[in-house]
């Protein structure tokens, strides 16, 4: 059974070398963003933790800060450790790249850069992977394509759940402006504002 | 030799041969030139047939059209496109033309004027067998020398064309020089580059 | 011909369809009586050409259907059965579709050389048919340099393929063309040597002569020279760019090889000639190695060209079979197989043929006794050569068997991998290797 | 003597000739410039819209660079707008050749978030369909791999015959062949129809002799050995370091299988084995996949024998709101380690929905595998890694 | 009018001169080789013409001579092209007028 590796033990290992581990919160090891690569290298090389397999590398946008999440797995000892690094700077989030430590981080870091805009220093080929280079903005950020007036991305509530956030909550997700071609509601007749518009 | 079919064949094949050859002079692209060459060779093979030399015609098609032209196409493919112009060298074209015209007049005159003696009606039949036998019996020595020559050519061509990695470096450097446009590279510099210290002392 | 029950009056009569030559001779004699003699020669030429086109034309269409149906049978599916009864009109539908399709030409293509190949590729395809003997006197041109003519004409096809590939200004096409040219040239050598053994043994280069020699000696060459037959079969399938040597149009690597840029009827021509070539080559394999129009006396009764077509169908099925099942070889493996296996093998058999021929001629051995002994010896030699090749010429990675072990209890990373690898007992699955 | 500018003049004059020429000189290893060939999005053997820019020196591959994103539907953004149950159909479309494994992985992650206990019958049904999906997916993988080696679809159609039977079983239970959308948070959507078990019995009865056919048809094939042995080799150390997983990792000799290492859905109750290769080349991957199909059949046999009855779906409220937190569940899909990382903020929809794509991560080492080989080897290597473009681009 | 020996000799001479001109005037080494091939073809043509129209004993020897010429021509092209390749490899050009290293 894959056990969760004890984060505090990992913290000692990292701090034994170059001090880079900030704290442990709920079984997750938090690392200083500047020295992420070196700390993880010590975790990988140390005989006791033996975290040789980078299972997953992704990022989460918590609006106030970014969190880059690593899942490191030891194949021989069959335990897994979740490591996070917090980036508060939203304009130019930078993190040292893991490609020196794990060859598997190449594509996953490019994906995080492509969808979140987090730059990884030292990545040999940091280009957008899915989107074309001229794509404006980074799609997976919460404020990407935010509609005016919307509090934040995501589903406000279940459709039927309660009256006050029944779908669509007035103001929370604004209605698309009515278009003359839309099926007109029976009540008031919508007259096209400027007469110049050609009859559809 | 006189019926209509033969005349048609001879004149069309002659036109094909001379046409192909002259198109080589005119065409600018080297690959076109080779393809016109192939056409004229096929014309010559046809002429052999009109002279009822079947064996030679088939050998001509097999070796010239089948092998030599493909060899030339390979050579053209190995050299860069920039070298594929087939244009004449204007300076030497003029005098060469004169020399060629004089040679042509001389040979034509000799061909038409001299009396070639009795003309034989029957053509040679069973060429393959006869040539084979004469190669073994009467011309055994030239046959052996030919074999040695072909082997020598084979080994020579391979030795020349083989490329060991030292040459590759020279070639890559010279290609780079060509791209930067600063003339050719001295192979010696590439093979054993001057030590850094010599560099400062030298320049 | 023996006079079987007074049937001799039938033989030689114009309606004796066993040998269509009688019909042709009748027509030319009739013309010669009243018309000028050049008209007679033209008519014979036209008749011969018509005969060939009558055979080639419809068979090209039928072959498309045959090939797709047979391969579908290999693959547990029905094959074309929508158009017409049992899908018989499928080739017609394909042809109509190809004719109606627009014929594109890439803008930067070299116009002159781009438009020529579809036409020129037909020339060698049809010329070769002229030399195939359908019956004792039934071949359009019975050249006494027939074998050499066959090789020369199939050599020119290489040039046309190169023109097609080079002129369509497409990297895949150029790859296809270069591969096709390199392969065709190197596979001509084993073809020449395989045919050399036959020419040496039968003493003549005319293909009809070879068939008559087999008829005289009551033996078919595949028994005498099996390795030359195999070498010729493989070299011919490589020359035709068919699997397992269809690297010049390997659609999984270089899309469609040299005819990538051709669409519409131009592609149709390439496709038709490919099938036509396959038929004529299987015809030649049948003629050289299976005795052509002769079958131990049966050709007295059954018209000779039916026997030939039957044998051609058999060899054609073999070609489809290899195409249907074998994966493709890489270009360097094909080259090394040609130069390291086929050429030495055929050279060996050329020497054997010379020795045996001199034994028969100079020593005066009686052929009825000598040939069976030589056949047995040659077959043994073939098996020996194949075993030797199978053992000696295997590239390094193929010598060790590919082994699969079951991880059993120790699941884990690199340390577990070392444990699994260092186990002594037999791996569960061992494949390949000698 | 020709001065420098003389040659430059000549070169300029030649370069204008080069302009109207057609194709730059094809190299023969003598250092002239290499050819860049696009195994473009539209190519018969790239298993979908996937572009590989291959720099070739003659036939030898010097550099292989991937250009992907043609099938990017930004599923991770869409999933943030839909409730946990509405996201299940997305997971079918991520890896459309192994939809069942995707559903399973997502449901496991969601159940970990919601803290739902799955009834035993549902777990057994999930194992059954995950293994059936592995048989179908490996049939596809091996078939297309041999197709890339050049065999004219014959082995592919043999293996499609078995894949058809598996897809019929899927259709029988959940109505869809490819995008099954069969699993729900807390169990499976429908109970097994009555006619499923008999079909599964006859399927299990026929398969062993079918597999014997494949082994006879393919294992001893000299040309397949020549084309696949020693091609696209990767060492175990580099494989582990580049996070390869699934048959590609096991072919190098590393015995890592999530079903054994981190058993989910009751895999620990079933007795099966994990095949491991030796050289890590294309042919070993092919052998590992063939052996895995046999192991899956063993598991299916045991599942059918010990299928418990009882509820097939835990009573999970349709509109469950998970506690704020996160979950990372991983499944051994036919292509490798498929993981789902869900972050919840208490809302109806997941705050962050991330899928660990085994196909994409297995491609990190494609460059190391194909450089040095010929163009044909690069195609065979790509086929042996068995990628699905839907999973790469998500 | 009968196609006689003179027809073939004239044709051969014409072909020879065209080949000769090509060999002299082409800038590209392969062009020169093409010219040489044409000249050899012309010679072969005249020889076969003699074998057809000449006296009996000359008929066979000329045809054998033609076979030897074809063999030598093939060898000559192979070596010529190999030379052109090596010249290209070292001097990046196979145009005849620019490979003037020996002129001094």
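Note that the chains are named A, B, C, D and E in the order they appear, and that numbering of residues resets to 1 at the start of each chain.
Following the convention adopted for this analysis, a residue touches a chain if its C-beta (ideal position, glycine included) is under 8 Å from a C-beta of that chain, and two chains touch if they have at least 3 such contacts.
Bear in mind that the values here come from a model prediction, so they are computed numbers and not experimental data.
Novice: Looking at C-alpha means, what's the farthest chain from subunit D?
Specialist: Relative to subunit D, the chain with the farthest C-alpha centre is E.
Novice: Using only Cα atoms to place each chain's centre, name the chain farthest from subunit A.
Specialist: Ranked by distance of C-alpha centres from subunit A, the top chain is E.
Novice: Kindly indicate the chain pair that has more C-beta pairs in contact than all others.
Specialist: If you count contacting C-beta pairs, the leading pair is B-E.
Novice: Subunit A to subunit C: how many Å between their CA centres?
Specialist: Using C-alpha averages as centres, the distance is 62 Å.
Novice: Approximately how many whole Å separate the CA-defined centres of subunit A and subunit D?
Specialist: Computed from C-alpha means, the inter-chain centre distance equals 24 Å.
Novice: When the centre of a chain is set as the mean of its C-alpha atoms, what distance in Å lies between subunit A and subunit B?
Specialist: Each chain's C-alpha centroid was found; their separation is 68 Å.
Novice: As a quick test, compute the distance in whole Å between the mean CA positions of subunit A and subunit E.
Specialist: One centre to the other, that is 74 Å.
Novice: Could you check subunit D for residues that touch two or more other chains and list them?
Specialist: 7, 22-23, 26, 30, 240, 254, 256, 261 - these are the residues of subunit D that touch more than one other chain.
Novice: Quick one: which residues in subunit A touch 2 or more of the other chains?
Specialist: Within subunit A, residues 52-53, 75, 78 contact more than one other chain.
Novice: I need the residues of subunit E touching at least two other chains; which ones are they?
Specialist: Residue numbers touching two or more other chains: 89, 93, 95.
Novice: Please output the residues of subunit C touching subunit D within their complex, sorted ascending.
Specialist: Where subunit C meets subunit D, its residues are 71, 74-77, 108-110, 166-167, 169, 171-172, 174-175, 178, 243-244, 246-247, 250-255, 323-333, 395-398, 402-408, 410-414, 416-417, 420-421, 427-429, 431-432.
Novice: Please name which positions on subunit B make contact with subunit C in the complex.
Specialist: Residues 3-5, 29, 31-32, 35, 38, 54-55, 58-59, 61-62, 65-67, 69-70, 73-74, 77, 126-128 of subunit B touch subunit C in their complex.
Novice: For subunit A, which residues count as touching subunit C in their complex?
Specialist: 50, 52-53, 74-78
Novice: What does subunit D use to touch subunit C in their complex?
Specialist: Result: residues 22-23, 26, 35, 37, 43-45, 59, 146-154, 157-158, 161, 217, 219-221, 223-227, 229-230, 236-237, 240, 252-257, 260-261, 273-279, 281, 283-284, 287-288, 291, 374-377, 379 of subunit D touch subunit C.
Novice: Using the touch rule from the top, collect the residues of subunit C that touch subunit B in their complex.
Specialist: 37-38, 41-42, 110, 112-113, 143-145, 148-149, 151-153, 155-156, 158-159, 162-163, 166, 178, 181, 185, 188, 205
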